[in-house]
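Below, subunit A partners subunit B and then partners subunit C, in two separate complexes.
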Partner chain A sequence: MSSGWILYAVGVLNLVGFYAIVAMVLNLEAGWGGMWDLGLAGLLGVGGYFYVLSTVDSSGLDLNFTPGWPMLLGILGSGIVTAFVAFLIGIPTLRLRGEYFLITTFAFAEMIRQLIINESDFTNGTLGITSIDRPFATTFGGIKYEWVLLGITVLSVLAIYLLMRRLGHAPYGRNMRSFRDNETLALALGKNVTRRRIQIFVLAGFLLGIVAPLYVWHIRAIVPSMYGPDITFTAWTALVVGGIGSIGGSILGALLLVGFTQGLLFIPVSAEYTNVLSAMPQLLLGIALILIMRWRPDGLIPERFSFTPGNRGSGGRFLRSRAAAIGGLLGRGSPEQSGRS
Partner chain B sequence: MLLQVIIFGLVQGSILALATVGFAMTRQTEGFLNIAHGQYLAIGAFLGLVYFDNLGANVFVAGLLVVLSMGVIGVAIARIVFDPVRKRGALVLLFTSIGLAYALYGAIIAIFGTDVKLFSVSFGKSFAIGSASITVGEIIIIALALLTVAGLWLFLTFTRLGMWVRAVASNPELARVRGIRVQIVSSTVWFIAAGLAGLAGMLLAIIGSASPELGWANILVILAVAVMGGVGRIYAVIAAGLLLGLVMSLSAEVIPIAYQTVVAFGVLVLVLVVRPEGLFAVKRRREIAAA
Partner chain C sequence: MALLEVENLVKSFGGLRAVDDVSLSAEAGKVTALIGPNGAGKTTVFNVVTGFDLRDSGAIRFDDEPIPPKRKPWQVARLGMVRTFQTPVGFPKLTVLENLEVSGSEGSTESLREALAGPRAWGDEVGKVDRRAEELLRELGLWERCDVVLEDLSVGENKLLEFARQLINDPRLLMLDEPASGVDPAAIGRLSSLIRRLRDQGLGLLVIDHNLSFILGIADYVYVLAEGAVIAEGTPDEIARHPRVLEIYLGKGEVAA
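Here is the complex of A and B:
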């Protein structure tokens, strides 16, 4: 009994790690880059599906593309393909600002999910694929495997954390935050904002593609419903709860949010309350987001990198300054286009 | 056959227009995209079922009750959830509405379960129009949408409150300075928006089915219609709703029906990239931007 609890907890930690990585990548895009992306789920879907299809054992499956690559090649391939898809999405959408960017990325994610559902010759449609090999599974089989996966997840979180720290402190990161905070000034200083935006968007796509297999290994299957808006909004909530703009905040947010909602599902209840229990993660996610926005809009760990010292953590500074930038658009009925004209 | 598709497109488009008008109105007067608007549709559908099945109300009475109760719920939500964070700006409001969408979605599942439910309503007898046919029920849905839009137009154009709404939509600061009671305007807009969303949800449940996914399934299409219409003008939103309904059902003739939503979002992306001010905008005219 007790070992069952521990294994469940390890599984939850795997999920926490995955969301921590996604939230960190989101922080790169939105927190520092100022690109409020609601299309994460679509890119993760591309990465997850490419990885599974390129590595799966094709016997028993009648699909159009199953080359049976080794795992590492599959992971690398999924990173490259996802980066390419991000590039294709980025070209039209990065010209848009504020909420129009949100809407368009959201729409692209939904289109990708519909394509995955409908192109069943490639993806096996809503049935998905369930026979998924996991790394080192032959060496460490059985129920202890969750620990192996935990090790891989922790290493991935650490790697992404170090990468983000490096990026955050480097001139590149400062440059990024400069056009987030004052695009006109950055342009006046001769920074190529458009190119930098595309670079970050593609880099985020590549990272999402590389970590997408983690999620697949955790679930041990791939179906289109795994890539609904849930995954995007959970990552966003984790980031906002932890503190948008801070890397540690992303990890803390994922730990609190995913740990709490998943832990809740383990409470034993009688059959008549199963509906209520299954609704709890959504309900709590929503309430958490509302409460944080109301009382602590800068999150639990406010951003440390800021160009307005003395202003840090003063109740919603970040979101307010973002909102001010976007506020100019509101009510005008038209997104401003940047572009290099 | 083509005529039949057009009829279905019109029915779908009318409901879409109903669902989107309120969304565009709140966007204009409150200044943010209310992602929870989709969940209002789902709540409306389930409330309709409660009134119709459990309380045994006539379907029209049930519809009226849905509009009224959703209106009250909409105002209550605005006062409790949105008002306290209003000063923090559009993005905090946007994320609050995403949180609200999740909370409502969870609440719907907790209360009504995940089963798909159907309205046992008869659509009445059908009339032949050439090779196609249209039922009484479908005519009522289209007429209902047109009447609502006409009523909304009359309200906005000829009543004092309607004028206030347009004033706030056009310039909230100036409206406040001029002594317009912004709180009343805000309540009115939320009542109309949530009420119409509830009605649209119930109609969707009648022509299809009611499930907790109704909200998430429709919010993007609502966004698409609102953006196509140019999030500002009530008539443009109606036209965009009808157009998108037609495009979606006509596209089913050419490409597999499963791609209907992809077509809708494809149109959305195309409009945003090519003509971001909306399809029907002649130029930016904020003074007529009532809804």
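Here is the complex of A and C:
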């Protein structure tokens, strides 16, 4: 294999990592919080644009807001700004349920994209910005940048995965999964569901803002068309295929989905079949989704797998093992080991 | 002083007066029953009292504190007045134990800050809830099923769990909406004795049910609702002999019981 192929594969992996993160954040919102968000692309757009505008070298650009911040500040700023936009969107939309929420968030995403196109004094409109600095671009001089970005992406995926694991297994995550399925009962138990929903939505916005630069670094440019609905639907499909509600499912889903569809484009075929091949990813995506829905509706890694290992009338075995694990973490023995059986 | 006092409660849905000037009270350490035919407005009374439906008029006091009309359900629940629902779905994707953990955990344990801090922050609290959960589950004969996801439980088991889920919060008034429906006869015996024991511990109970022998067996005081209004009230003995009650439950001219 030539090195071009390998570099292409590394690029695909970067995209896989980005989608894995977006799908994990979506899982936080939709899989656990029950908020079926179709507006991911809009929030990613806010984050991506804020990051680029706040950090870009303004020479040669005539835009209203180019403070030239350092990258780290730009990333943090994009997290905070995106969280704030999520808050503004969340206030009216989180009163809605199910499909109404879905449609409204979709509309907001589209509004954001149109704003980006039209406010060209800020965003350079449809032309976008193509001079984008990337982190550690010169630090590792000897190797191609795709490898550096792969390192950053893998670390980001790992960080988000660990964060999700922590949130998912905490009472916080349990609370989310409870009101997702039965809001009425959660209210009857004294849970302030509305406040929690907004908090999750804002947290998701913050995380999307933080990871938005990954996508920009991968593409090496920012234009409004990057933030069309495609990005949202791909993340959703990855989540559903991988297993909605489980922690690691999103990563597996993104790997299979994005890796496979992008890799497919590289199969060498004769010229007369190229148009067929370019239609294949969507076709296979649809077939994969149908197969999953028919035979494995909970996804490849179901929610149960993440939360209830070995549940089948085990009479407290899970509780004991967890009590022991918690005890171990706290540096104590398992409480009342003898009292149970 | 009664624990819960409801005065002249009115609730209409469109043209239908589902609850029509109902006054009732429930005391601590007593089982108060609310019976009546389908559509009598029993569950609506529950919904209005617990804040799930807005009332049209009337006053509700809990422990002598008035509850303002627009209080949210979760705020009412935090006063110590908790309810169950007729259809016990619970939290279907969570295990039996997790269901009780959700119920028994306070807001601070479930906060984002504690989640980020990790098990070190919330481990002790969850351990405490787990021990209380074990007690309750053993009592209800559900301990062996503690790691089963709720979707896999039987209706009867779900019903018992519904009970445990509310008890773990140490409520002051427990409002049970048809606790005995769908529960097998053997379990009904256990349920009755549990309700009596809770009453003896000083808990107030307000119970809706259709099973007359069950409810008259446990109640200290009974209200009979029909078409949104209280048509009779009294001790179980009085109610069992009350002509209008017999008419409703047995039909006219068949007063043989």
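Criterion: the second predicted complex is superposed on the first by the 294 of 341 C-alpha atoms of A that agree within 3 Å, B and C clash if a C-alpha of one lies under 4 Å from a C-alpha of the other, contacts with A are read in each partner's own complex, and residues count from 1 in each chain.
In this section, contacts are C-beta pairs under 8 Å (C-beta built on N, C-alpha and C of every residue); 3 or more make two chains touch, one makes a residue touch a chain.
The shown structure was predicted, so the numbers you read here are calculated from the model rather than taken from an experiment.
Touch criterion not met for A:Tyr161: it reaches neither subunit B nor subunit C. By the document's definition of touching, neither partner reaches A:Phe84: not subunit B, not subunit C.
When the two structures are aligned on the shared chain, A:Leu189 is found in touch with subunit C, with no touch to subunit B. Looking at the shared chain after the overlay, A:Phe140 reaches neither subunit B nor subunit C. In the superposition on chain A, contact of A:Phe260 is made with neither subunit B nor subunit C.
In the superposition on chain A, A:Leu283 makes contact with subunit B only, not with subunit C. In the superposed model, A:Glu303 lies in contact with subunit C only, and not with subunit B.
Subunit A residues 316, 319, 323, 326, 330, 335 lie at the interface with subunit B in one structure and with subunit C in the other. Within the complex, the subunit C residues that touch subunit A are 50, 52, 72-75, 77-78, 82-85, 89-95, 97-99, 101-103, 105, 107, 109-112, 114-116, 118-120, 122-127, 130-131, 134, 143-149, 165-166, 169. Remark: subunit B residues 28, 31-33, 81, 84-85, 88-92, 94-96, 98-110, 113-114, 169-170, 216, 220, 223-224, 227, 230-232, 256, 258-259, 261-262, 265-266, 268-269, 272-273, 276-278, 281, 284, 286, 289 touch subunit A in the complex.
Those residues of subunit A that touch subunit B in the complex are listed here as 36, 92-93, 95-96, 98-100, 102-104, 106-108, 110-111, 114-115, 117-118, 228-229, 233, 236-237, 240, 275-276, 278-290, 293-294, 297, 316, 319-320, 322-324, 326-327, 330-335, 337. Residue ranges on subunit A touching subunit C, taken from their complex, read 166-167, 169-175, 177-178, 180-182, 184-193, 199, 203, 245, 303-304, 307-308, 310-319, 323, 325-326, 329-330, 335-336, 340.
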